[in-house]
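Once you scroll down, you'll see the structures, which are given as structure tokens.
One chain, chain A, appears in both complexes that follow, with chain B as partner in the first and chain C in the second.
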Partner chain A sequence: MEVVKGRSLLFDAARRIYRNRLAMIMFVILFIYILMALYSVFNIGNIYNLATSHIEDVNRSFIPPFQDKSAPFGTDIFGRNVLYRAVYGSKISMYLGFLTILIEIPIAIIMGALAGYYGGFIDDAIQYLMSIIYSVPGLIIILAFILLVGPSFLTIALAFALTGWVGLARVIRGAFMQAKEFEYVLAARTLGAKDGRIIFKHILPNVFHYVIISAILTFAGVIMSEVLLAYLGLSIVGVPTWGTMIADASQEVSAGRWQNFIGAVPFIWLFILALNLIGDALRDALDPRLRNL
Partner chain B sequence: MINYIIRKLINLIPTLLGCMIIFFLLFNVIGGQDKVLYNMLSPKSRTPQQIATLRHQLGLDKPLFLQYLDYVKQAATMDFGKSLAKKQRIADLIKRCVPVSLSVTFPPFIFDFLISTALALLCAFYRGKFIDKIITVFATIFMAFPYLALIIIAQSFLAAKWRIFPISGWGFGIERIKYLILPWILITFSNVGGSVRYYRTVFVEEVNKDYVRTAKAKGLSTRKIMYTHVFKNALIPILTAVIMSIPGLLLGALLTERFFSIPGIGDLTVTAVTSYDLPVLKAMVVVYTLFFIFFSLITDISYSIVDPRVKLS
Partner chain C sequence: MENTNPYLVELYDLRTYFPIKAGIIKRTVGYVKAVDGVSFKIKRGKTLGLVGESGCGKTTVGRTIVGLYKPHEGEMFFDVPSDITSEIISLQNQYKKMLKEKKQNDEFKQISMRLKQLRKQYDIYAYSKEKLRKARVNFQMVFQDPYGSLSPRMTVGDIIAEGLDIHKKYSSKKERKLILQDLMERVGLDPQYINRYPHEFSGGQRQRIGIARAIALKPKLLVLDEPVSALDVSIQTQILKLLNKLKDEFGLTYLFIAHNLSVVEYFSDDIAVMYLGKIVEIASKNELYDNKMHPYSQALISAVPIPDPERKREQRIILTGDVPSPINPPKGCNFHPRCSQKMDICSKEEPPMIEVSKDHFVACWLYNK
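Moving on to the complex of A and B:
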């Protein structure tokens, strides 16, 4: 007798993503960004110095793009190579994105799980908190918070995480409310599983695709918002970020200086594009309901 | 229905009070009043006496609890005193800025809705085909493009180089439209990508439901199924997204207003944040939250109109 071996959800999802050519290309792009970030993290070729130190030579200032081989995208007002700055910017964006996710996702999971699983008073209290944070003007709070505490990786990430966790928490709460009525949860409880085990080992894996997709969208959202912060002068100071470069460009393009723009925009654009498309592919691959679309 | 609305309106109060507590904590516990007061004053007048006077003037020398009560009183009477930066009554400022912001954000909101619905229906109609793919790809590409970069490109080419639109500015009456066309186009462009993708998901999900198969089985044309059945049902999630984006319209398009020097709420907010104009920020938080809660109430009510299964109770 032939035994048909079942495929796990993860294996199945990996197989579908592997077949999705566009998603694979985007994963390769993401990998390149990770390499660039690592390149900056380990400071290979002293990229930090190249990207930040001012060159005391007027002739090196504002070299137009596509002319000098050593600086293909040109140099900025201080003679810094725009390409190096953009590459270094991928490290900053990764840090910001990951830090925000690391703070936001646990809050969302814990709040959503507690509210959905226990219900009653805990649910009421958390729902009240969520409705407040949902109704408060997030942007004003984010701007005010960063302005008061001062811009740094942690403050920016905290500001976005503390105002942004509600969306995911609501989805998780709903999913937990449904899931706790299912037989497999009853079965687990009959076998003597404690609440913590049921929440984290049994129910959470079933809603984890929401978490992954929300994490990716948060990541993209923070990087896009960093541009706004930079324009208002509230982004991290002293390191080249994509936002700072675009904000600088907004002052420079009227004088015909496109270097910062040409350096930063393709980098941020391709990165956000890759994140969005990977998010789409993961949603299609992980959500069994969308199988036959 | 009336009962429901009244109960919702009563529920609104604790939410608003909570939002005010968050803002209050932000400025009094995390930020520290001293920093705010210090930055509120002009560099020349940052003497201890001046700071003490300002503290007294704003009522910040009272106990925290009383300060919060003051804030609640201000919110109840909608009288937030004067702006420190602009030396005008805040109620007047807001009254003047809201219509300006609406004139910036409302037309793109309508364009966005119409264009996105049309494109998304097209996608759902030809799903999986070439036209669906090309629209989705373009929507995704547009969505990923940073808005600030879009403004920079448009301003330097359409306005500065080719002189199709004025670069920035603001006028009186009908003259304003001249300055508004470019912002309208830009806001629409920046929003359509995301909306098309969202609407398409909603439509496609709807198309795959059983009732569509039933309708097909009884011989209805695809056109009829799409426009009368699918469209109506898909309207419910779309309605939520659309209505809940209205409070954002009132808050204005922050970057757009700054860039095109349009004196709207977004501009007012940014100025208030960067000049530590505490009274204006306090007012903005209350006004925005009120709008937001009001429109979520409207969403609930419109559900009961669109979807007969939803009963307000």
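Moving on to the complex of A and C:
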């Protein structure tokens, strides 16, 4: 017997994204960033040294952009190649972004699902917790946490995640509250499905598009926040990040030294733009209500 | 031992209330009395039609019967020998009477102990969570909305096999597939579409998927919650015929919930009429249509269009006013504010269920002797 293959909603969504030309361009850009990050991870051409070591030569310091072929964006005060530093920065941003998402998304899903599915006392408790976190400015919690534990990848990611999960958890809570009265969920309950099965097999797949979109926007948010942290001198030390470059640039630009500025800003801008547009495209593609357009 | 009780389901004084909460501390300020004292029995292998207008609590009754809602009060006995159910009910009456008279003696304690023990064993609503979960195999439900009742992210095969997966009703992947193919053929779906997704099917086909899912566990009772009201008329007949066929093949008993009286007349053996959370009249199909007694049933049935221009219709009874709110139902008979034959007693006391002829019950003071 020949079995007909069905078209899943995910397949439909992938096809719709594939047709969206702008989104595809943004995916190519994202892919280039991933390549740059991998380039730095595997330390090809000893990029780590080029980006971090001080060159004991005053003549190499502050070479203006677009003059030296080996350093198209010029060099900084220590004679370090700004382009390499910016490329290396994409690795740091990726690390930080992924780490934050990895911590934040599970917290948000568990809290949102528990509150929305069970309701009652559990919902009240989680709601109060969320309101408390939400009512304190996130930056204060982040600063306090980093000052207390010291800046590192893990602490910064943890600080972002612990303040950032509330938004997604609220969305998931709402979606669960709605979904638990849907007839297909009632049907699963009638069949004798346990709570775990209903939550993970029946409800979560149908609200997961919120998670994907939120993950991408969180990623963009983390990169922006890292700039702020660097400006306050609380970012990761010892490695070039886009944030530290912009923090340096903020003092150098007034002296006419715009190497760091021209290196970091386009890198951040393009990355955030790509993430936001991909987020938009995914929202359109994954929304079941827009399926047949 | 074969159970000789002619009734598969016995429902006693079912009350399902939904709390209304308000304020920061979520205090319960009132209840929506969706189902307010419903009792009926369903005969083995027969179909009981449950009719009433929107919002009268039909769906809530159906969902409470399959255990989706926990009732405030009430007992449901499923496939329990009649001597046990009558013992429980008489104990229950004794218990209530003694509670009213505030007799807290040893006899009272004995009765309440015995009652608790029996209910735990036989009353669906007193089952433990795990026992109820396992018992669910016996009563399944077909839902109203063929679009909302199937998860859009699961294949048809996985949807139908959900019950089999949960209760581990097969020993190998191959057996699962064979069961699935058989089920799909029985409900009139081509088994080669096993890996398709619900959005690739029409409304009628989706309802067939929902039916296949419900019968996969070989239940004894199937609650049909307006299974055809969302479908085209031509498809409705197909689905009803399919349900009739399956009833014979699987030896099913149906509770058929609907608001379309022509469909109920075609499909049911017995009919119960519901109004504002209560059953007002219950009788066999022919008896009810020929000899309707409750003023509400008369009004309801007179509103059915007759597809024959030659036939003179009976005088149509037009009801005035709206259905009262189930949060604050009227005192006495629920129907008295709209009733044309209202008496003094109607607004004071709730009418009892009166057996006017054999198996024909009506809750109306007009027939009180």
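Here is the rule we go by: the second predicted complex is superposed on the first by the 283 of 293 C-alpha atoms of A that agree within 3 Å, B and C clash if a C-alpha of one lies under 4 Å from a C-alpha of the other, contacts with A are read in each partner's own complex, and residues count from 1 in each chain.
Keep in mind that, in the parts below, a contact is a pair of C-beta atoms (placed from the backbone, for glycine too) under 8 Å apart; a residue touches a chain by one contact, two chains touch by 3 or more.
These numbers were taken from a predicted model, which means no experiment stands behind them.
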Once the structures are superposed on A, label A:175 by its partner contacts, choosing first (chain B), second (chain C), both or neither. neither
After lining up the shared chain so the two structures overlap, which partner does A:17 touch, if you call chain B first and chain C second: first, second, both or neither? neither
Per the contact definition in the header, classify A:285: touching chain B only (first), chain C only (second), both, or neither. neither
With both complexes superposed on chain A, which partner does A:109 reach: first (chain B), second (chain C), both or neither? neither
Kindly classify A:261 by the partners it touches after superposition: chain B alone (first), chain C alone (second), both, or neither? first
Tell me which partner A:272 touches in the superposition: chain B (first), chain C (second), both or neither. first
Looking only at chain A, is it chain B or chain C that touches more of its residues? B
So, A:124: does it touch chain B (first), chain C (second), both, or neither? second
Pick one for A:229: touches chain B only (first), chain C only (second), both, or neither. neither
Where on chain C is chain A touching in the complex? 26, 63, 66-68, 133-134, 136-137, 140-141, 143-145, 148-156, 162-163, 166-167, 191-197, 199-200, 210, 213, 217
If we count contacts the way the header does, which residues on chain A are in touch with chain B in the complex? 128-129, 131-133, 135-137, 139-141, 143-145, 147-149, 220, 224, 227-228, 231-233, 246-247, 249-250, 253-254, 261, 265, 268-270, 272-273, 276-277, 280, 292-293
Which residues, counting only chain B, touch chain A once they are in their complex? 14-16, 18-19, 22-23, 26-27, 30-32, 35-36, 127, 140-141, 143-149, 151-152, 156, 160, 204, 208, 251, 254-255, 258-259, 269-270, 273-274, 276, 281, 284-285, 288-289, 292-293, 296
In their shared complex, at which residues does chain A touch chain C? 1-10, 124, 182-184, 186-194, 197, 202, 205-206, 288, 291
